[in-house]
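Starting off with a structure, shown below.
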Amino acid sequence: MSASLMNPSEAPATLPPPRKSRKIPGWAVGALGVAGAVVLLSTTSYLTGVPQLTSTGTIQTAVRLALPILLAALGGLWAERAGVVNIGLEGMMIMGTWGAAWGGYQWGPWAALVSAAAFGALGGLLHAVATVTFGVNHIVSGVAINLVGAGLTKYLSTLIFFPLSNNPRESPAVPKFDTYSAAGLSDWLGRLEAEQRVGLSDVAGILRGLVTGVSPLTMLAVVLVVGSYLVLWRTRFGLRLRSCGENPVAAESLGVNVYLYKYVAVIGSGALAGIGGAALVLNPGQPGYLEGQTNGRGYIGLAALIFGNWRPGGLLGGSALFGYADGLQLRSGGATFLALVYGAVLLLAVIVVWQLVRRRWFAAAGSVVAAAALYAVYYSVDEVPSELTTYAPHLVTLVVLAAASQRLRMPAADGVVYRRG
Amino acid sequence: MSTTTPAVVLSGITKRFPGVVANSDVHLSVQVGEVHALCGENGAGKSTLMKILYGMQQPDEGAIEVGGRQVRFRTPADAIKAGIGMVHQHFMLADNLTVQENVVLGAESLHGIGGKARRRIQELAKSTGLTVDPDVLVERLGVADRQRVEILKVLYRGARVIILDEPTAVLVPQEVDELFATLRAMREQGFTFLFISHKLDEVRSIADSVTVIRRGTTVGTADPKAVSSRELAEMMVGSELPSPETRESTVTDRVVLRVEDLGLVAEEGTRPVLDHIDLVVRAGEVVGIAGVEGNGQTELVETIMGMRRAHHGRVLLGDRDLTRAGTLARREAGIGYVPEDRHRQGLLLTQPLWANRILGYQTRKPTARGAWLDLPGAKEDTERIVAEFDVRTPGIDVAAAALSGGNQQKLVVGRELSGDPALLIASHPTRGVDVGAQALIWDEIKKARARGLAVLLISADLDELIGLSDTIKVMLRGRLVADADPATVTPEDLGSAMTGAGAGGVGPGGATAADAPAAVEVEGD
Amino acid sequence: MGILRGKLLPPVLAILFSALLCGVALLVSGANPLRAFGAMVSQVGQGTTAVDIVNSTGTYYIAALAVAIGFQMNLFNIGVEGQYRVAAVVAAVVGGSIVLPPGIHTLVIILTAAVVGALWAAIPAVLKVTRGVNEVISTIMMNGLALGLAAYLIGDDVFGELRGNNIRTPEIPESGWVPGIPLGSSGTVFGLVFLAAALGIGYWVMMNRTRFGFELRASGESSTAAAAGGVSAKKMIMIAMLLSGGIAGLVSMPEILGRDHTYNLNFPAGIGFSGIAIALLGRNHPGGIALGALLWAFLDKSGLALDNVGVPREIVTIMQGAIVLSVVVAYEVVRRVELAAEQRRVGRELGTVGAA
Amino acid sequence: KDTGGNNTGSGTDNAEGCKLAAKPPAAAATSSAAASGEKVDGSALKVGLAYDIGGRGDASFNDSAAAGLDKAQADFGIKPENLKELTAAPNEPEDAKQTRLRQLASEGYNPIIGVGFAYAESLGVVAPEFPDVEFAIVDGAVEGAANVTPLLFAEEQGSFLAGVIAAYQSKSCHVGFVGGVEIPLIKKFDAGFEQGAKTAAPDIKIERKYLTPAGDFTGFQDPAKGQEAATGQIESGADVLYHAAGASGKGVFSAAKAGNALAIGVDSDQYNQTTVAESKDVIISSMLKRVDVAVYDFVGAVAKDDLASLPEVFDLSVDGVGYSTTGGKIDADLQAVLEGYKAQIIKGEIDVKDSL
């Protein structure tokens, strides 16, 4: 056979040169997202004449409602970054609510936090024993822990709270934290908000919502989010922990004690979920522990985690979205909620432009159809039926996941049972 | 040499697994500053021995000496402390972490995880020639780069004794040469290597001494310069080395598989993974595809099998157009498929052998009747395969996981040759299979070919490819770029074509341009 | 005997362990565990408890089968909860607004329930197949939406009608009812308990004797191997989810057609979650699930007797959770022991390896 | 640090109260119902109570029933060992309720009271099985069962008065209603409240929010949501809130306290409840639903064997519903107004609708 080899010019140069790890840093993406959301909301608020979308009160509500979800999601982050799926967050959260009431009733709110964390951690320990030591399927163990958590707290309340509160399903009232406001700033923002100036007042309302009536718990949650980021991504401990979620065999071969890190992560996860429970109990409107008060928030936390692509900033966004959607529907009902539909139309319009620029004709057409459908809803209805608004956060989650799921990347060994040797 | 203290001495190592003695009374002595090769069949116990030395497994008996001092390693961390590092047979990297993170993992106490660590990595890279960008995610690296990261990992921990378990299995010859250059340079700097490979030529070219392991125990140590590959092989197996070669041609002119202008686009981007592939396989012909892993061979096979949807182009079996058919329909039309990863794609590991016989044949006789399974039929036919293909198993009711890799592979090949397929697509049919099973599989493929079977063979083992194929095509970046004649081509020629080395330094790590190798012909002008 | 040890030992151990655990809990709280367990056992003979247990076993059984079909291919249908609720409302509405000859009427209602359940499950299935949305999350969300939809449908300006302080769908005429087996003062066994049994048999046949069952199991064990064997994972996900949803749709049929004849505000919740636990208990095996459902129903119903002896009934929930957890741990331990034994056996029978 | 209530944005004092409709004519001195001179002897009775979810101690209507039972026990001389109380679990299936009732009946309890409309269906089944036992059901009625006495309340009438109170106390002429779950029972509260407020102040603005739709009973159990809904109403300008939201109402109180608004409790005199003690100063009144009176009267009537003496509906005329004045926020003027409206309702001059 002849001995010619290919002509250099013919070499198909289809492989792109290895790209740099990330073009835009994560924090910039987050900042852009937040800015985009603010612009979208204030535009919607202006066009629909519904100031509640960005009012201080709405934001405060969103923060309060997001808090337990955020903490649960953070708990999920720790476990799943170490490779353990934690669907038992709900159960750990329930244990946290009980612990918070028990500790808080006796020794005050700080003790409530500690005791909630301890009770949550107990649930985490159980999950760790089952999944790490015994290699039980993570979902199975999580389901069981949800059962055990609910049963245990009911049982303990009957024994311990009943004599105090006369009600087996409720604790006596638990003392709460005082709240704090950045007084001068808050007032100034309040004046700005009251002026009803386009954009400016919206931003002022949102900011004011974030600096007014802040509970130490909120601050703690912020610290925990930032702290989780720093610990998981900036320390050797975090590197080792994440390596257990990415490739435990490799980690073990490099001398990382995978079992130990998984244990620490899952127990920490439970503690965070427990604090999420405490956030419910220590909520100003809540007398104390109340059976069933978590009401699926642990699952929602899990959704926020996935929504946030297993990153602290992302899950913060996910919880905020949940808190916001829920807060809006609770505070202002269907009419205001309809404004959000309008906002969705605006968002879709932006997406269509983007898709046209990127020459994705089919996707653009799909978005146009969706936008038209939503606009038709907006146009023809005065108020979204309450049956729908109540579960709007669920719907929003579904829609967002449907749109974004393919971009999500979970830790490579998440949910995989790891056995040493 | 003999007066200095050896770097590592293993004496009387015995390791038992449930049902298997992986190592029994192994003795091994490695001198400082040498490349010491370890050879043996599949399952001879090489990896196990190295894992013991690296502290990943505990020996049941025996002693380890490092630098003249008796040691006991309970974890890899202990071994690392003693200056031992290991590059595993299968890469041990976390894809979603950066190179730097992978390197410093577990050794953070040396230089932290920040700038200092990064400077140290760059320093090491410079001194050894193992250059990689510390900030890139490992998932973006090719195999050769991953290998560099693995070695960097070991060096970063200050290892002086480095275990390399089959480091060349996934590399093309040019990359092997590069690796060897690095090893030689490092040997000059006083590093000691324990080197495992099935490729005896390589062993002879790099090693200073070689120890052969057979059935878990050391057979002896030899000077690689003084023995031939054949002699080494006979030490390993105690018999003649089988050869894949098939000389007499059985090629007919009846086209069985015709692939026309096949294209596939990667899911996210627009980069074509398969680019205008045209291919013909005739009855009685074995067409081999050579290529560095990741250049589209897997995708080609999976597209022909209907597991991926082609973007454009056609796939015809005989004169039947299968472009729109699903995998099952293609199988029913007469395609047998030996997948590249038997554990992931070939077998249901926890199911009994007879259930594995049904897989892929769930609509056909003798394993099914209509919508119903024919369990007696399936069992009977499984017995047949076990007998014909010499599958070593206590019965057909044991789970597939209980068989050794070679026996699992024989079962898969036996299944895929059942029911008279017109075409067999075999991806790495003998990967990780020991010599005996390898010979049997080659034999069966040859027999079927003689009966008129068309075979599309993908293999990383260039000797196998050259030996079995009637035609070889070289695949590079999703395209078939060259043809080669197995009668004349050498593995080195193929290797150049596979890396595109002839095209001027586009190979990973900037392989230098080689002269146009003989017997490799550019496809399409 | 080996099978017996592998399959039966773990649950028995788990139940004993959980009983022990709860016994200790009871002791700590100052109650007499023997008296508590005694009360539970003797409750079975009281009133209609025995029949209630049977009825409830049927309901749980259907729910667990629905979950198990998903489990067979590692699909976690947490959404049984929502599927049976939506199916129940729609089936009750349809059943209450049409008149058909007996038998046919019943059949139409049951089919409606199955179809609606399947459709409700189709949403997460489509999302998973086309958009890669994790079904655990999407089905949890769908459960919330199911509550909303059901609430909307029974609104008194939609399909519901007011009955005192309750709202319910129009009552299903007698032609749609499924007669039960009256056992006098011990109650009436729902006719559709036999539907549950039939579903179980069908499930067994499907899983073990049909091509579809094989493909389902293959996908569950290894989606990659199944794909190479010509089983389309996406298709299997769709079918398994639809089937699971369809069966889930039947969960409340025994009660609605056998007793309530309407969907009202007292509709029970949580059966889907129990179904998950029971499917786990029964290891997705129809026989195992039956035993699990029976155990669950027994704990549920006889737990009511605990009030009589002054023990908090919640101990039963703890026990259920503990059983699930310890049963999976027990299975895992036994599995490991058996795998090692199997490998030893293979090694011995071959007698080849390592004996150098 | 924040102290006390903070400023709550828009909509406070733009108007100092509503333009009120003409006050109703002053009522004649109310006649205290039923001179309870005769001594009733209930020492032979064995009374069984089946609570709804929450049970004794729920600080709501179960507790109210418990209070009635306690009073009956003391007044009629019922022996403590002849009392038995059982409680429903959340989401339990229908047969659990039946078992509970049957358990009581077969142990010889007579009368037996089912607390909550959820018992209607099960009483329909169980009552005919025990024709000699006297049953009663709070908030419900069972057709065709002669031995089930319905204990129904005119919640809308009491809520009407709550609406009047709200109208008179509102400075912004803007009030709010927070309902727990959007079920017919709660809608009665809503309807009465709106009618009362509108009657007293035709221009009044009314906010309305239900926490969850029918069928999702978590709305009675989520103070966090109650609080947020109430806060939203306060920020829209409402300054007197009325709730019918069970445990979620606690959140309403705390929101009212934080937002310098006032609140009206429900069912029992919530001013005195310990769990809301922190915010009791904002509770100006509570709409009383005298389940205790109904239970007490029913037990008394059984003891006297005079069921006919019970009213068909416990309404304002028999003080079956009413309002509390604990805390001193209802001054004499307002009381006169309320008594005036009450008299008009009793006389039938005002017809309070039970739905919007």
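In order of appearance the chains are A, B, C and D, and numbering begins at 1 in each one.
The criterion applied here is as follows: contacts are C-beta pairs under 8 Å (C-beta built on N, C-alpha and C of every residue); 3 or more make two chains touch, one makes a residue touch a chain.
Not measured: the values here are computed from a predicted model.
Note on interfaces B-C and C-D: more C-beta pairs are in contact across B-C. Closest to the middle of the protein, by Cα centroid, lies chain A.
Subunit A and subunit B, compared by their mean Cα positions, are separated by 43 Å. Once the centre of each chain is set as its mean CA position, subunit C and subunit D turn out to be 38 Å apart. Separation between the centroids of subunit A and subunit C, computed from CA atoms only, is 30 Å. Under the contact definition stated at the top, the residues of subunit C that touch 2 or more other chains are 147-148, 151-152, 155.
The set of subunit B residues that touch two or more partner chains is empty. Across the assembly, subunit D contributes 90, 182, 212-213, 216 as residues in contact with two or more other chains. Pairs of chains that satisfy the touch definition comprise A-B, A-C, A-D, B-C, C-D. Across the interface of their complex, subunit A is touched by residues 1-2, 6-10, 54-59, 90, 182, 209-213, 216, 218, 221-229, 231-233, 235-236, 247, 250-252, 254-255, 258, 274-278 of subunit D.
Those residues of subunit C whose C-beta lies close enough to touch subunit D in the complex are 46-49, 52, 55-56, 59, 85, 147-148, 150-152, 154-156, 162-167, 185, 255, 259-260, 264-271, 300-301, 304-305, 307-308, 313. Across the interface of their complex, subunit B is touched by residues 209-212, 214-215, 217-218, 221-222, 224-232, 340-350, 352-356 of subunit C. Taken together, the subunit A residues at the contact with subunit B in this complex read 1-8, 10-12, 14-16, 18-21, 234-236, 239-240, 242-243, 246-247, 249-257, 409, 411-412, 421. Listing the residues of subunit C that touch subunit A in their complex gives 25, 29, 76, 127, 131-134, 136-138, 140-142, 144-145, 147-149, 151-152, 155, 273, 276-277, 280, 312, 314-322, 324-325, 328-329, 332-333, 336.
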